[in-house]
Amino acid sequence: MKAHAILAKEFIADEARTDWHDETLWFIRQKRDKAAHTLPEWEQLRQWASEIKNHTLSKLDEYLVEFENNARQNGVMVHWASNGDMHNQIVYDIIRQHNITRVVKSKSMLTEECHLNHFLATMGIEVVDTDLGERIVQFRKEPPSHIVLPAIHLTKQDVSDTFHQHLHTEKGNADPLYLTRAAREHLREKFLEAGLAITGVNFAIAETGGFVVCTNEGNADMGAHAAPVHIACMGIEKIIPKAEHLGVFLRLLARSATGQPITTYSSHFHKPREGQQMHIIIVDNGRSRQLARADFRNSLKCIRCAACFNTCPVYRRSGGFSYHTAVAGPIGSILNPNLDLKSYSDLPFASTLCGSCSNVCPVKIDIHEQLWKWRQVIASEGQVAPAKKLMVKGMAFILARPALYRVAGRVGRWCMRYLPFLLNHKLNPWYRQREMPGPAGRSFRDWYIKNKKQ
Amino acid sequence: MKIGLFIPCYIDQFYPPAGIATLQLLEKLGCEVVFPLNQTCCGQPMANSGFANWSKACDENFINNFRGVDYIVSPSGSCTLHIREHLHHDQNPGEAERIRHTVFELTEFLTDILKIEKLDARFPFKVGLHNSCHGQRGLHLSSMSEKVEPPFSKPGKLLAMVEGLQLTLPSREDECCGFGGTFCVFEEALSVKMGKDRIKDHARNNIDYLTATDSSCLMHLEGILRRQKSPVKIIHIAEILNAPGNG
Amino acid sequence: MNAREHILQAIKAGRPGAVALPGLEQDLAIHYDDVLAKFKTTLEAIGGQWLEISGEEEVSTFAEQESGAGKFVINAAGDNENSLSEMTARQLAGVDMAIVRGKLGVAENAAIWLTEEQMKNRLLPYICQQLVLVLREDEIISNMHQAYQQTRINERGFGAFIAGPSKTADIEQSLVIGAHGPISLKVLIIKENKIA
């Protein structure tokens, strides 16, 4: 797997497209700002959301049991899965039990994380993703590049080409309305013939045993209300204690995600409809391990709004695929090292630590501080590249010794002045696209000694 | 009031005028300033690379240099933030804590401690202000575009006191320039792209100078400006605030 | 040990010390002097439409007019539609317009709360081409905190806030009204004191 820096460089090679990607996401960030500013209590809401989630994490096991009991009383079947494989197997067993061949799925980052579609495909089951963006990337055999806007890396021309190939739309017609209508027709049929609908869960309410699913397209509802079987997949961290807490989260979620005051549909599921079967799968997949890490546990507060993606100057200019994982962006960079430190040791370094992510986060996750802390873990686990480690060690050695530092500075400045070719070559990553700073004749300290010291 | 002047290593080596202006400005405003001669670096490059344990010697050196002053003032938001958040000392935790609370970035010191309301400085140019992230979001030198909070800017307020200066802001008022410490070399492509985008945004205002509270951001942006052969010059905010006035 | 026990035990071992729940002081949330006006402007902003009517009885008049224009209209707000729950998805797919009573409208986001009781069939408000929701003026409140205070979310097996017509911006962030759900949403607002 290529590291983030290399994938980012490849992305940026097409500068016009990078600019387009950056501006598109910045536009969403601006819509988010506008929505936040309509509420004078915005910062209070974030504070409440953060405290509710912190409280929930401190009693998570108790709330999960309360949720499970209430859900069972509501006639819902509850399953538990320690990891992605177990989750996928549970889904497959339900499918087999009902001899189902056609499955529709609305957006669920958890199922992406567990690679459910891939697993079911190997078992001969085709899953149709029904979120428009997800359907587009599914046709293209790509993963989503953004957790809220899965096809944000594609232009309408790309979508037009994909739909022409798969849905036989007119070649070259890239009108979003035309393409969306084509997908609507295509997916309506999928909803009607589906034997099973899989949805994600945005919030699971302990006191009622119900769960809330938010969409704009209505695809989760079309699937769940039409199919004879509904499976809702949730991570253990989706729990909130009470119904009244939904007031806080639903006010924050869509405003943070897209700048809308609320998603079009906020559906509250409690019981299966007459004749329907409803399942909930509660999945751990590394979350309890993250909960035990004091420095990183509050990453589990995340409500998957992706505001941190949209604001991140790195994400906007490197695209979702540069993070080589299901959940990209700043939040992905603090979640993924927990799942596999070695594979994702590059991600916490894919940041300037500018802190914008923490500021937009509706549940106040200190994302940039956790990025810093993951760097410490990665270094202590020996996952920093040897060349980089050597460079840092060299710096540390010099900066620990004031006299040596001064000599090194003098030598360095002398070289920059008289032997610039030592630095001004393309192997120096600073020099490749930037001039070196003009060498100062003498240091501040030298000036001070000469001019000021009594 | 005795002030210890903390000059970050890259200012010491590459941008001494920023250090000189800081010293002269503080003295002009009546402060007694000392420059401890054995200072090197705050330790941030190591810590941000994941090796905070290798910056312990820097912590110790810092404490030894700045013991006994009332305030420590630095023309860098980033280095100030690092000291404020991460300075530790196992043998001398009390002194480390005292330093963490008495270290100030220059514009924050002028605004919050000296409570400067006017300056005798003249700088008749069009100046773009780059809000450096660590100063802005870390030290809260100005309001942040992500937050719902009343607008304010400590650097902006000081620049407004300078005669003849025409202050401009880019359309994205507080986007990162892409320097990011070792990020600037290990994520070179991204770092440069971010810098180019900041410059383009500022260029729309036809500025003469680009200023900031941090020479690190400016060093990165200057590198790109010079490669582009741009006429825009960079200048540390201390040099503007210390520019000679009419009085 | 099964997965459930395993997960619960790991959580118990790793969870942080007790953290208190915040009290939600609802006075801190925004309240609008004119909730109806705010509701209308928000609804328009999210692609919805509204029409003021003078009483519940006008709903059936509205339904008849729409049916007369050749549409397949289901008026679930009328009280004679008990067979609706038996309709299959395929049958419902032919519905041009569904009229459903809402229970509560929220001015800050133009969301309308309705449950299975009003929908009669869960699929109806999603699968119809055009959705019409009916609200009385005094059923509109300022914000979501009030909404959850006045609602029991598990009163029925299913309930939802619906805010505007279905939409997507998944193709180059161009907003398209009408994704999988209704292509339009109109709210009939009953103003009891309106002079017809």
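Here the chain labels run A, B and C in written order, and each chain numbers its own residues starting at 1.
The rule is short, and it goes like this: a residue touches a chain if its C-beta (ideal position, glycine included) is under 8 Å from a C-beta of that chain, and two chains touch if they have at least 3 such contacts.
Note that the structure is predicted; figures quoted are calculated from it, not measured.
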(request) Grab the C-alpha centre of each chain and report whichever is closest to the global C-alpha centre. (result) A
(message) Using the touch rule stated at the top, which two chains are linked by the largest number of C-beta contacts?
(response) A-C
(message) Rounded to a whole Å, what is the gap between the Cα centroids of chain B and chain C?
(response) 51
(message) Can you compute the centre-to-centre distance for chain A and chain B, using the mean CA position of each chain? Integer Å is fine.
(response) 32
(request) Return the distance between the CA-based centres of chain A and chain C, expressed in whole Å. (result) 29
(request) Mark out which residues of chain A touch at least two other chains, giving numbers and ranges. (result) 39-40
(message) Per the contact definition, I'd like the list of chain C residues that touch chain A in the complex.
(response) 2-4, 6-8, 10-22, 24, 28-30, 42, 46, 85, 89-90, 93, 106, 108-111, 116, 122-123, 126-127, 143-145, 147-149, 151-154, 156-174, 176, 178-182
(message) Residue numbers of chain A touching chain C in their complex, please.
(response) 24, 27-28, 39-41, 44, 47-48, 51-52, 54-55, 57-61, 64-65, 74, 80-82, 86, 130-133, 136, 149-152, 154-156, 159, 176-177, 179-181, 184, 187-188, 191-192, 205, 208-210, 216-219, 221-222, 225-226, 236, 241, 243-248, 250-251, 258, 260-274, 282, 284, 288-289, 291-294, 297
(request) Write out the stretch or stretches of chain B touching chain A in their complex. (result) 7, 9, 11-16, 19-20, 23, 35, 37-41, 43, 45-55, 57-58, 61, 133-134, 137-138, 144-149, 172, 174-176, 178-195, 197, 219-220, 222-224, 226-227
(message) Please output the residues of chain A touching chain B within their complex, sorted ascending.
(response) 4-5, 8-9, 12, 15, 18-19, 22, 26, 33, 36-37, 39-40, 42-43, 311, 313-314, 317-318, 349-356, 358-360, 372, 375-380, 384, 388-389, 392-393, 395-396, 398-402, 405, 409, 412-413, 429-430, 432-440, 442-445, 447-449, 452
